Amino acid sequence: MLDILRFTPSEISILALSLKVALFCVVLILVPAVVVAWVLARKSFFGKSLLDSLVHLPLVLPPVVPGFLLLLLLGNQGLIGKYLHNIFGISLAFTWMGAVVASAVMAFPLMVRSARLAISQVDKGLEIAAQSLGAHPLKVFFTITLPLSMPGIITGLILAFSRSLGEFGATITFVGNIENETRTLPLAIYSYTQIPDGDLPALRLVILSMALALGALMISDRLERKANQNIGRHHD
Amino acid sequence: MLDILRFTPSEISILALSLKVALFCVVLILVPAVVVAWVLARKSFFGKSLLDSLVHLPLVLPPVVPGFLLLLLLGNQGLIGKYLHNIFGISLAFTWMGAVVASAVMAFPLMVRSARLAISQVDKGLEIAAQSLGAHPLKVFFTITLPLSMPGIITGLILAFSRSLGEFGATITFVGNIENETRTLPLAIYSYTQIPDGDLPALRLVILSMALALGALMISDRLERKANQNIGRHHD
Amino acid sequence: QDKVTIFAAASLTNAITDIAAQYEKEQAVQIQTSFASSSTLAKQIEKGAPADIFISADTKWMSYLQDKTLLKADSRVNLLGNQLVLIAPKNKAFKVEMDKSFNIAGAFSGKLCTGELESVPVGIYAKQSLKNLNWWDTVKMRIVGTQDVRAALVFVERGECDAGIVYATDAKVSNKVEVLSAFPDTSHDLIVYPLALVKTASPAATGFYDYLKSEKAKAIFIKYGFTINLL
Amino acid sequence: MIEVQARLKRKNFELDASVQLSQRVTAIYGPSGAGKSTLLSIIAGITQPDSGRIVIDGECLFDSQARINKPIHQRKIGLVFQEGRLFPHLTVEHNLSYALNFTPVQNQQFQLKQIVALLELGPLLKQRPHQLSGGEKQRVALGRALLSSPRLLMLDEPLASLDDRLKNQILPFLKLVSTEINIPMIYISHSKKEIMQITDNLIDIQHGKVNCHL
Amino acid sequence: MIEVQARLKRKNFELDASVQLSQRVTAIYGPSGAGKSTLLSIIAGITQPDSGRIVIDGECLFDSQARINKPIHQRKIGLVFQEGRLFPHLTVEHNLSYALNFTPVQNQQFQLKQIVALLELGPLLKQRPHQLSGGEKQRVALGRALLSSPRLLMLDEPLASLDDRLKNQILPFLKLVSTEINIPMIYISHSKKEIMQITDNLIDIQHGKVNCHL
């Protein structure tokens, strides 16, 4: 029975690749997502709705579509990818970095929404108090707003991480299904679902995904609990 | 140029189907998601981590897997679906109601996380004050906790609605790709990607998806702004 | 009005849609279609999907159902055939010879796209051919697997891959790729699209099943590049 | 008759209280950080003491040995918190009438109108808490607690931000509440002068230590 | 020398202030809801008046006609808010030292140690705001504002929850701050007695109306 838990080196390397992609994904989107979240929570300007819906777009479309758009833009022959490739020698298409970008695009709206929610709940009275002490608005952001919205940012991170772990459509469309390079857990699982005897190996990978997610959840729960305590709120 | 915006009746009916599925989806998950969110935010009990990861699972796996599990459970021959079908005459497989269930499963974690975040940020001092006035904990939940976490619930709703609009993998696996029944916008877009010259019709549907999402976003932004004002917080 | 539901591999989307429309004009029957990958469809039928007719993109998934006796006895036929072709982006065509001595690795730069090699039918055929031609070892590191054959075609159309292996039907309809050569039919298993009636098929389904094998349907299949010689 | 025995240990602070109150109105007096609010919140059921026993009018609300611990909402103790704790999403009117929704009419000891007039809240009824001045907030909190028709009213510095005119207007009313309408009252204040106006029953709490039978 | 002219209209309230303060310490006095906190927040730059002009020591902070509106953090006005507004995620120590991070050492008018000793905050340094009593919070808020080395200190009922001993200890210090260290001060309180201890310069505000040159 427990044999199913003895994982092969190839399964472990798929796991490692998924983990790498998901971690780079959250690192990549963290700062931009928080900035966009802050802008959406606190500023009003012309074109805000547009920015808002642009951010949400990847969520609304079947993942193949963002994947295809990424190919058009960032493929080696793509509008932008051409220059990345020719000038900087960076190639996203068919590389794990491309997989990072694909899942980053899909996870971005989740991260933004959570952070935005948390930022909009921060008591402005505290920000004003900090300003009255002479803190520059940027200083206020880093010392007051950001720490107080930490629970929401952690929520965003875990959603983004999970989404990245599960990202399939955009990834396979943008970077294909290449062993040891772009074949993350979902792609490997999908491949197994396409063959008649693939149920068991697929199940093994599903278990690996769950374990990874469980680990991430446990870490994020601990962080969130701590963040809530830090701002004087308690879980129980 | 604007010809692209003159939509055919068949496109409109796909749109209507998608809207119907997404609306039923959010209605279906609203109450259970808020309950689960409350439990996760406020209670500690044995098995909480398990519940937590179970909720997140659909996010972490390639959508085909939850879709397949739904087929196993709720298909007409499925473990539960058998009884639904034989006793209540309800058939989820290959019906639009099944599409609702598929996207509900995928959207559930997003809704739960947002609501949970908001609930955990509600000032317990206010709940205690309400109790001291004689309010039963349930009363407190409905009159204090729930209204004060409304911004997060609205965020959850828009995430869930968007996710439902974009749901592809679980839907096609569970209920297939049947015109006028389960062929929602993402499935129709997929179908067009499978045929030569499908780019233009696919683009038209992408535009429809975007329009739908934009509409939903605008409504939710208005609701959220109002909710924030109601609890004494302002957007700008 | 009778309703007939057909589950067909996604690569047949156009052809089946056209044939269904034509049939509906002739008969008072409503044809309902569902297009997805063959594996998805087969598993759905296994779990009681209300399908009357199934067309798979490969023999495996049809056999999968047949082994479970979910098909109407003797209704399975090899409806269509296809060819495996090597393609390149329009302006990047290169010369190939379908020969073991040909240096395929040196003939193009960049990646070679086809369906995922272990699971997607076109990828499985491609791997067989590459092995048969002794090309496998030199190009295997450069192969990009995709979700389905259309995705492989897109990669080549966009110039992201300098070569691709797809079905002739796909290559035919794209004006952004050039067919360099067809793989010999002997280099891979026969490409067949089996058709069958599902065990629980309604009586009305037989009419459309027969129609799919008729000359009228044949014309449409041919129009989209399928071969019928296997019938 | 209120009987409280409680012990609680915090990092920098230790509470050891044993009080027995038989007077209508009792004032608790003591320096900042002495444990006044803590004692209140133990009686109300918000903070659970490490050990102790709380009995009001013969009804046991808490007993660490008998493992009795009535939940807050069943204790029927009206609280005016030091920090107000108005419901931010409700107007002043709805804050005031919050408890009326679930208090049977025959148990209602005050009418909304009566309280609004007394506390001069008329013009503010449609405002939300964040639109109130400090003193206005305190008045609303006081009115809200009164309208919950409690069997015991506990006030944590309820008049701290009120000017003399309002103080002089509300204090006699609070006295009235305690005598006429028969609601016993525990009153916290650091102002001896304020306290003297309302009662002579003073309990002094110092560094968490209090032992007093009145 | 502080010059404030401001008009502001709210639904139930209208402010029309014209004050000129040349004294070190000025007290603002008035009933609940009179507009004391509002006036303060206008001077601090938190609330923008409909029209008006604010000049401190010759520097124009706000002028509706000249469209001048200095942001809060450049006004260098220390505030003690009526509701405390301590940073909930920081310990008492970090709340106190918040401004020290970005105040050049030569501009720092107080040392942390000095303030901690004066306000008796030593044992609380590691605690977080939600673990403080009401009076403790007010002391921390006061210390935090002092440590920001402001050119003007504005206090909104800073001693409301403090007992007499602490009051009598802090009031002279506040006086000292204003005379020795040369920080002018605006002091809000509804307690005339409290105010008289610190200054004779009283400004009375009633229903938002104030017109006073001291």
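Each chain gets a letter, A, B, C, D and E, in the order it is written, and its residues are counted from 1.
The rule we apply is simple: contacts are C-beta pairs under 8 Å (C-beta built on N, C-alpha and C of every residue); 3 or more make two chains touch, one makes a residue touch a chain.
Fair warning: this is a prediction, and the values are worked out from it, not measured in the lab.
Hopping across touching chains, the smallest step count from chain A to chain D is 2.
Each chain's centre was taken as the mean of its CA atoms, and the one lying most distant from chain A is D. Spacing of chain A relative to chain C, judged by their CA centroids, is 35 angstrom. If you average the CA atoms of chain A and of chain E, the two centres end up 45 Å from each other. Computed from the mean C-alpha positions, the centre of chain C lies at a distance of 78 Å from the centre of chain E.
Counting only residues that touch two or more partner chains, chain B has 64, 68, 190, 193.
Chain D has residues 83 in contact with two or more other chains. Every pair of chains in contact is given here: A-B, A-C, A-E, B-C, B-D, D-E. Note for the complex: chain B touches chain C at residues 64, 68, 71-72, 75-78, 93-94, 172-173, 176-179, 181-182, 190-191, 193-197. Residue ranges of chain C in contact with chain A, taken from their complex: 37, 39, 42, 60-61, 63-64, 111, 113, 116, 118-120, 143-147, 151, 154-155, 158-160. Interface of chain A with chain B (complex): residues 41-44, 49, 52-53, 56-65, 68, 109-110, 113-114, 116-118, 120-121, 123-124, 151-152, 155, 158-159, 162-163, 165-166, 168-169, 185-187, 189-190, 193, 202, 206, 209-210, 212-214, 217-218, 221, 224, 228, 233-236. If you check the complex, the residues on chain A that touch chain E are 125-126, 128-137, 139-140, 143-144, 147-148, 230-232.
Chain D makes touch with chain E in their complex at residues 11-12, 30-33, 36-38, 82-83, 123-124, 127, 131, 133-136, 139, 156-157, 160-166, 190-192.
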